[in-house]
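The following pair of complexes shares a single chain, chain A, combined with chain B in the former and chain C in the latter.
Showing the complex of A and B:
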């Protein structure tokens, strides 16, 4: 059993996590994959943070409204913009990953990537403007 | 081949592969549902309200709506399942041992159960506050 790794795959790099941060000679698919995972980690951390922040509601009106006052400052809104990028990128690249994984448009992965991430970037730009102007 | 991979280990690997395929499907479908629910969540909470975020009374009025309550509960469950399956996939990419995989699976199951339970408790508490 010693030489049988549960995730053994002959084409998988020996240090897969290191490979994410080395963009040299990588295809757009690999960079898309790495970015998908980085945004996934960020969004997972945010999910727990979000639940913790929502707990402020149980402490009453003053507690929540003072958080909202902080959340409306420009520096905090910048974090919202970063979050929005993570959400829309992960969302639209995730659609591509799911479709390709199910055998849809396998041979048009790159086109699918450019179209979906293009839509994501347009939505991101609109959302970023709305965050600062709404 | 026979000396290093017994018939049992091959069967275990086949079972792991089937399980990984099922979990991938769960992650893909939860992700597709999240596209809709998270989209609605972000529009409702960040882009519709004047000032960008709901104040205390606006939040309570919002969660008092049974449809919103149901959607938010579904959102907590789907987001937690999707996120933790993703964490598992990343953890498996570090080539852990069989024992470590078992620990990872249990740890993520516990974190997931606690997160969903807490999210549901929070949603119910807020709806009670809304009266």
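Showing the complex of A and C:
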């Protein structure tokens, strides 16, 4: 089968960020889709940040202890809460995307979304409380 | 019948202009006025140069698709009062080249859609409990997809990849695979099993929300993936 005609529009050039993240007129599906991308970017950035912070260990006990002191401040714990949201959302929505993407439960994707993201939000709430209380 | 003036902010563009703009019109509407009828009123009474595409006025032909207050809709079945906004914003569909005002070039759509070989009319069997006149073994009916392009307009991936096959063509491809009715399915499967085929979909499912005729293209794309995954696994373990 031949290649298809591109849908390029000289009057309205494609704006991928707008297409992916603009919620105007969109359903919960776009929120799920956009959040999955944003949390993926966030987690990738975190991974490198995490490795950079671990490298403080190479500079000795004092530099690590001073980082730990910062890590226990309420503002830093808020970042942990944001990170936790990214992890649980991306994980549970990722399960849905993986299942549906292979044609499993594809006719029930919305129910799957509410169930899995519901579980993710419960875990997030419990985790957020534990971050500040333990 | 209660009447009210409603403001319409309409997307305008003519070939050769530098950039599109919006023009505002006031239209007297009642509870039965649809967006399409209001646009026809504008063209008849206020600006004869307003270009739009329409035909049947009852959601069968799929020609009057446009974006109304940010959502992909068939303008012939959207009642102005149901929108509940003092201003109705009307724009052409996304992700297809613009021709003029509210009309987009549908050629890239048909280029993809027709490649699947999906017949417009199919033969359908009767339900077991249907009362059928003697001598009739089957009847002909139109395919569900009305080729309105609303799913393509709503798809975020179509908004970033100009060569993506898109939800309508992929749904048509699945219909052919599901019920080949004499059509060779392997070339269709090979066509969609590509980087800009069914694997390009990122499961945003806006196509399902936009579809006015119950095709649910997102579900059909995932069914295609299931079939392809099944075949790949079978081949991996030595099957055909």
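Convention: the second predicted complex is superposed on the first by the 120 of 134 C-alpha atoms of A that agree within 3 Å, B and C clash if a C-alpha of one lies under 4 Å from a C-alpha of the other, contacts with A are read in each partner's own complex, and residues count from 1 in each chain.
Quick note on the criterion: a contact is a pair of C-beta atoms (placed from the backbone, for glycine too) under 8 Å apart; a residue touches a chain by one contact, two chains touch by 3 or more.
Everything numeric here is computed off the predicted structure, so don't read it as measured data.
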Ask   = Thinking of the overlay built on chain A, is A:102 touched by chain B (first), by chain C (second), by both, or by neither?
value = both
First, second, both or neither for A:30, with chain B first and chain C second = second
Ask   = Residue overlap on chain A between the chain B contact set and the chain C contact set?
value = 1-8, 16, 97, 101-102
Message = Can you tell me which positions in chain C touch chain A when the two form their complex?
response = 13, 19-20, 67, 69-72, 94-98, 107-108, 111-112, 115, 152, 154, 156-160, 162-166, 169, 187-188, 190-191, 202-206, 208-209, 216, 218-219, 222-227, 229
Query = Where on chain A does chain B make contact in their complex?
reply = 1-8, 16-17, 37, 40-41, 43-44, 47-48, 51, 54-55, 57-58, 60-61, 64-65, 68, 71-72, 77, 80, 84, 87, 91, 94-95, 97-98, 101-102, 127, 130-131, 134
Ask   = What does chain A use to touch chain C in their complex?
value = 1-12, 14-16, 18-20, 24-27, 29-30, 32-33, 97, 100-104, 106-107, 109-110
Key: Parts of chain B lying in touch with chain A, wherever the complex brings them together   = 4-5, 9, 13, 16, 24, 28, 31-32, 34-35, 38-39, 42, 46-47, 49-57, 59-60, 76, 79-80, 83-84, 86-87, 90, 92-98, 101, 115, 118-119, 122, 125-126, 129
